[in-house]
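The following blocks contain the structures, represented as structure tokens.
First chain A sits with chain B, and in the next complex the same chain sits with chain C.
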Partner chain A sequence: MIATFSFLARRLSQGALIVFLAALIVFTLLRVGPGDPARMLAGGLSDQASVDALSEKMGLNDPFLVQFGKYVGGIVLHGDFGQSYIRSESGLSVGGGHGDDQTRSDRADVLSLLGSRLPLSLGLALAGLGLALLVSAPIGIYAGLRAGKWQESLSIMGSSLLVSMPSFWIAGLLVLLISIKLKWLPAVGYEGPRYLILPAIVLAIEMAPIFIRTWSSAISSMTRRDFVRVAPVRGLGQRQIFSRHVLRGAAVPFINTLGVMLTSLIGSLLVIEFVFDFPGLGKLTVEAVLQRDFPLVQAIAIIISAFFVLVNIAVDFVSGLFDPRLDY
Partner chain B sequence: MTEKLLSVSELSVANAARPGDAPILDHVSFDVAPGEALAIIGRSGAGKSVLGRSLMGWTEAPLTVTGGSVSLGGEEVLEAAPDALRRIRGTGIGYVGADPTRVFDPTLPVGRQIAEKYRAVRPGVSMKEALERVHELFNLVRIPEARHRMEELPSKYSGGMIQRAAIVDAMIGETKLVIADNVTQPLDVTVAAQIIRLFQDLRERLGTAFIFITSSVPTIKDFADRIVVMDKGRIVESGPTRQLLEAPQTEASGQLIAQSPKIWGTTAPESLSASDELNRPAALSITAVRRTYKVPRKDKLFGSVFVQAVRGADFDVYPGESLAIVGESGCGKSTLMRLLTWLEEPDDGAVHFHGKNVGTFTKKERFDLRAQLQLVLQDPYGSIPAHWTIGRTISESLRLHSDLGGKARRARVEATMAEVGLDPALYDKLPSGLSAGQRQRINVARAIVLEPTVLLLDETFSALDPMEQTPLIELFRTLQRERAITCIFISHDLALVRRVASRVAVMYLGRIVEIGSNENVFGRPLHPYTRALLSAAPTIEASPYDPGECLVDGEPPSPIRLPKGCAFAERCPVSRPECLESDPMLRNTLARGRIACHFPLARGMLESAETKEEISRVG
Partner chain C sequence: MTSDISTAPLAAPKPALPSTRELAMGKRIWLATRSSPWFLLGAGLFGLLLLMALVSVFVFQVDPTKMNFVDKFTPPIFSEGANPAFPLGTDQLGRDMLSRALVGLQITFLIGLAATALSFVIGSAVGLYAGFVGGKIDQLLMRVVDIQMSIPPIILAITILGLARATPALVIAVLVLATWPNYARLTRAGALAERGQEYVRAARVLGASDIRIILLMVAPVALPPMAFAAVFDLARMMIFECVLDFLGIGLQPPTPTLGVIIADGRKYLINAWWIAVLPGVFLMLLLLSLNMMGTALERARNAVFEGAK
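Up next is the complex of A and B:
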């Protein structure tokens, strides 16, 4: 009990520090990079005086640390991630040429922007992950139990083949086949759950081979462990050995891979959502970066780093449940 | 024999992958009566372990049973259906192997795993009943704080304790026969002796029959009723223990018995005349060296515990001598070795090398020290890189420490290889396929190629069987004579120490408790712990120390919570109340040794009170 509490307290405080540093770095990078947000908002044709006024109003003339302090303060105290530079409440891109009309209230709240996109991405991610897990677990475990036989080779070869194909290429192929030729499923945009299917399949194809490899190598290395080989000599039954010992032991490497895959899932979402024009967080991120929408980029970076931290803590914690020897 | 529990007849096992080879087991036949203790002895490779496993119906590919039968109480084991085999294994024959740490799942509490097994072999037993039964047996094999220990992971167990748990695991299904394959081999002598006593006790109480498989004859000499001698897969001789040991009929048995360790029947190696040796300035001098490890505590938010691995070790090593440091696992031997070689720095105290404090060495001096002071490691497999040629392994340190060119280096390495008895033609070969003895020669060559003045041998011989040990020991004698190398042996093998060391230091819980000449330590031990160690040493001859009287119970206290007084007091057969109160200092004996004990076994051997005071002031 105390060990768990101590673990969580230590890791969460470390995690908070990591997220804080990540925020600082992103904040700094965006400000030392080229481009003046005030100029961008005011529009290329605005005179210098109005740009300066806007700049002053947005607090861009404050010392760097004061700006950062206000930003972090807003997040911590009010959960306020600021407003988008570009997007209006209606969701359309604004800015550029509106000059003096630009007021803060027109612009979309970053948090609500994220809130509108996150569920879609989450749904896509979960569908892809779920599909990958469902397919990979039986194949991987079976291959692991048949280590050294053709079933294992087949699963390794199949996985290698799939893992070496880029996801955007697979996406293109599936769109061509299933949407254009067969007209079974819609390919771009989002107008209902049917739109999840194709991108989720692509995500799953990307992840499943890695899970298959993890399962098969974890299971086969467990079956070679001495205590598993000796277990039948002690009088244990095969089923008991598999479920109580082999599967338990293989869970730790699996959970670690799952953690890695969860974090790399974010990168995959960027690509897949862009390819399928799927209105999720990934596409929002790509657009925000291209449009230099600093508040949005910052918020996404902070949320992603927090996600990384939490996934890592969860992975270590759950691994510790399966193998109490792990000193978290 | 009137009644048979186990009957093995004409059992043959062969390696299916090598059809041309001689069979591993060749028409082996013997019987075991209920409650009998049978020993199967033979040198390594004789097929003992394969036999032990075959009796359980446990032959893994490529080994295959090619003929014969094993029947337990009339039931055929080798042809049993999976379910019947499980029942036989759980309730008929139990098996305890040499490495009990690998029997249990490292992620589950030991007691629960044994209970799980009990329920698997005795269907219908509830978890609660099973745990109750485990608790009962944990008490029977004298695992202290059984209730608490049952819930601990295997990694929390010491070697002796996990062996006891493995014995419980083998016996829990009321097995009629237990096969114990080399069970004492990984254990410290006092613990091994306790385990043998435990087997005797279990046999008397439960009437279980035992098959004890070992290459160490002394281990079973007081335990077995009958001995079966195996050689090259065959039974060459069998008979009642005493009769067979006194008058072996075959060469194989004769050799096994002749090569068994002796302590009192052998003479100590000739040392340079003791006084000469000890009057020279020390080659290596260790003063009040301490090393404590800080280990974070899991059960507290902040805070850590301190493991006192070495607690003020004090001794000198003289040029040309061979000093052995003996002690059981966890006594700090290995930490001490790391301190001596300066792989780790002491927290306190000093190590002087030829009069110079190693702590004040410059980086360059420390680098040169490495060439002077070489290490020969324990594990002949792990310590040699498998993907390097033998020549490269040996010449690696030359490349670092000398400016010899490629050719000269090769010549030097080949000369060294010849010196340690390795064929120089092996220079470009990989070490795979070499025997443990050959590999240890590579280790020795690697250490002496730089012509060091001090060699540290950390359990160098313990991985070798007696057949391989003897020539290597001879090699060391020669090397030491010809090169005047100072040797420090770190070992738990007393018979070996008796053969190689001129002086012996006994270590207990991070301290030297007794140090003296080989003759004195083995012949007239002053410290009760030394005597306990000697009484537990497995030797073929009768020990002058009665284990019943001298052997200690339990295990050393944890180096985390050390008692206030003498660290040995709790286990000491002759301790008195004072021992629990004050910690004895190391003081001189008349025989030029030193001892840390308030009540040594022969008081007259101590120097007078004045010297004692002087020592306590200096030390």
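Up next is the complex of A and C:
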């Protein structure tokens, strides 16, 4: 119990430091790049004086570290990630606050922008991940139990083929076949749960082969372990050996892969949402980058790296529960 | 499903590679890999694609950016209305799809190989050094690795590429920046395991410098097991490069990279499916060949490691 607590405390404080440094790096990168946000906001035809005034008001003339300090302070003290440079708040609910400030009030709050897109991305992620897990577990476990036989070769061949299909290409192919030729499912945008199906399938195609491989190699290496091989001598039935030893041991590599996949899920979502014009966080990210909407990019980068850190801590923690021999 | 458990473990375990115990780790992995049909098939496919990409530079006189409006939207050879002069058809501007796809393949090869080689060298140098030296330097380098790894590659890539115009060198730099920490982490573990070994202490006693020990003794032991990771990474880098081009933040048109061609072709999916689909087949075959070789290497490595126990 105390060990658990100190593990969490240590890893969380390390994680907080890492996220802070990641934020600093992204903040720096965005500041040293070309482009003047004040000029962009004021509009191309504004005179220099009003651009300068806006720049002063936005704090862009402050020293770099002061800007960063204010930004981090806003996040830590008020949960305020700032306002989008580009997007107006029309159609979005914004928490009160900056009503006195004309330059800021008509721009969308970054956090509520993200919040409005999150549910769709989360839905897509869960649907894709769920589908991938559902398909991969039986195939991978079966292939692992048949290690060295044709079933395993078939599963390796199949997963190699699937993993070699880039998601943006397979998405186009599926749209061509299922939406254009067969007219079974809608492909572009989001107007209801039916619009989730194709993107979720593409996401699953990307993830399933990796889960299949993890299961099959973990299971087959567990069945070769001494404690599994001698288990029948101890009078254990096959069911017991499978569930108590093989499956439990294979759970650790599986959880590690799940952690890796959760973090790489973000990149996949970004591409898939872009392809399907799916209005989630991924598409918002691509748009924010192309429009140089720095506050939005920054917030997304910080939140994602926090997510990375948390996933890694959770993976180590849960692995420890499955295999007590692992040291946190 | 469970019926195999008792028979599989009791069957005679496959003998570890016979009489190779004296051989170096790298040689043993290579010997086990070379005989795998997966590896041969993958290497053959990879070689064929590489050859096509290379030969196309000299053989095809068709300019991949040459427009030809008379022949626009020519379908590929196996469909109606095809023109043998354009085996894979033409795009919306009448450009030859085969030569475009092959140039795209060249670019993917170039960027993928360069980025993988660079991140392998940088990452393993840092990892070997950190693991071998240990102490404060190790701590510091590994924290740098941690921070770098906590920034999602795609976010890093789009942040940098959103700021500057993408050139091949910049794309390579972004890929290297996103990947080197993996190698640093993997090699550090290998170097850490070797630093306490007797042969290292003996070399120290004989007065060998750290660099000499790392390069001549530790690297040959610690690096070969990572070859499979590099092969898989090559595939990952190639996909990543295509994704960046596809999203519009990597290399830009009119450079015919596979990502650019596929992004372009998506607009014509209904009338001219081949523009988006066929270049993707090249990409898929390339990735498939790498994944097959990587799988063979990984299995050989696991067999050698498990047999060595």
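Here are a few things to note about the model shown:
Assume the second predicted complex is superposed on the first by the 316 of 328 C-alpha atoms of A that agree within 3 Å, B and C clash if a C-alpha of one lies under 4 Å from a C-alpha of the other, contacts with A are read in each partner's own complex, and residues count from 1 in each chain.
Simple rule for what comes next: contacts are C-beta pairs under 8 Å (C-beta built on N, C-alpha and C of every residue); 3 or more make two chains touch, one makes a residue touch a chain.
These numbers were taken from a predicted model, which means no experiment stands behind them.
In the overlay built on the shared chain, the residue A:248 is in contact with chain B alone; chain C does not reach it. In the superposition on chain A, A:168 contacts chain C only, with no contact to chain B. Residue contacts after overlaying the shared chain place A:8 against neither chain B nor chain C.
Shared-chain residue A:270: touches chain C; no touch with chain B. In the superposition on chain A, A:323 contacts chain B only, with no contact to chain C.
In the superposed model, A:232 makes contact with both chain B and chain C. In the overlay built on the shared chain, the residue A:126 is in contact with neither chain B nor chain C.
In the superposition on chain A, A:137 makes contact with neither chain B nor chain C. Once the two complexes are overlaid on the shared chain, A:311 sits clear of chain B and of chain C alike.
With both complexes placed on chain A, chain A has more residues touched by C than by the other of chain B and chain C. Under the contact criterion defined above, the residues of chain A that touch both chain B in one complex and chain C in the other are 229, 232.
Partner chain A is touched in their complex by these residues of chain B: 53, 56, 58, 60, 86-87, 89-91, 95, 97, 99, 102-108, 116-117, 120-121, 153, 155, 169, 173, 298-301. Chain contact summary for the complex, chain A toward chain C: residues 14, 18-19, 21-22, 25-26, 29-30, 32-35, 141-142, 145-148, 156, 160-161, 163-166, 168-169, 172-173, 175-176, 180, 217, 221, 223-224, 228-229, 232, 238-239, 241-242, 246, 263, 266-267, 270-271, 274-275, 285-286, 289-290, 292, 297, 300-301, 304-305, 308-309. Considering their complex, residues 1-6, 8-10, 13-14, 38, 146-147, 149-155, 158-164, 235, 239, 242-243, 246-249, 259, 262-263, 265-266, 269-270, 273, 276-277, 280, 283-285, 287-288, 290-292, 295, 302, 306 of chain C touch chain A. The touching residues of chain A, counted against chain B in their complex, run 2-3, 5-6, 9, 225-227, 229-230, 232-237, 240, 244-245, 248-249, 322-325, 327.
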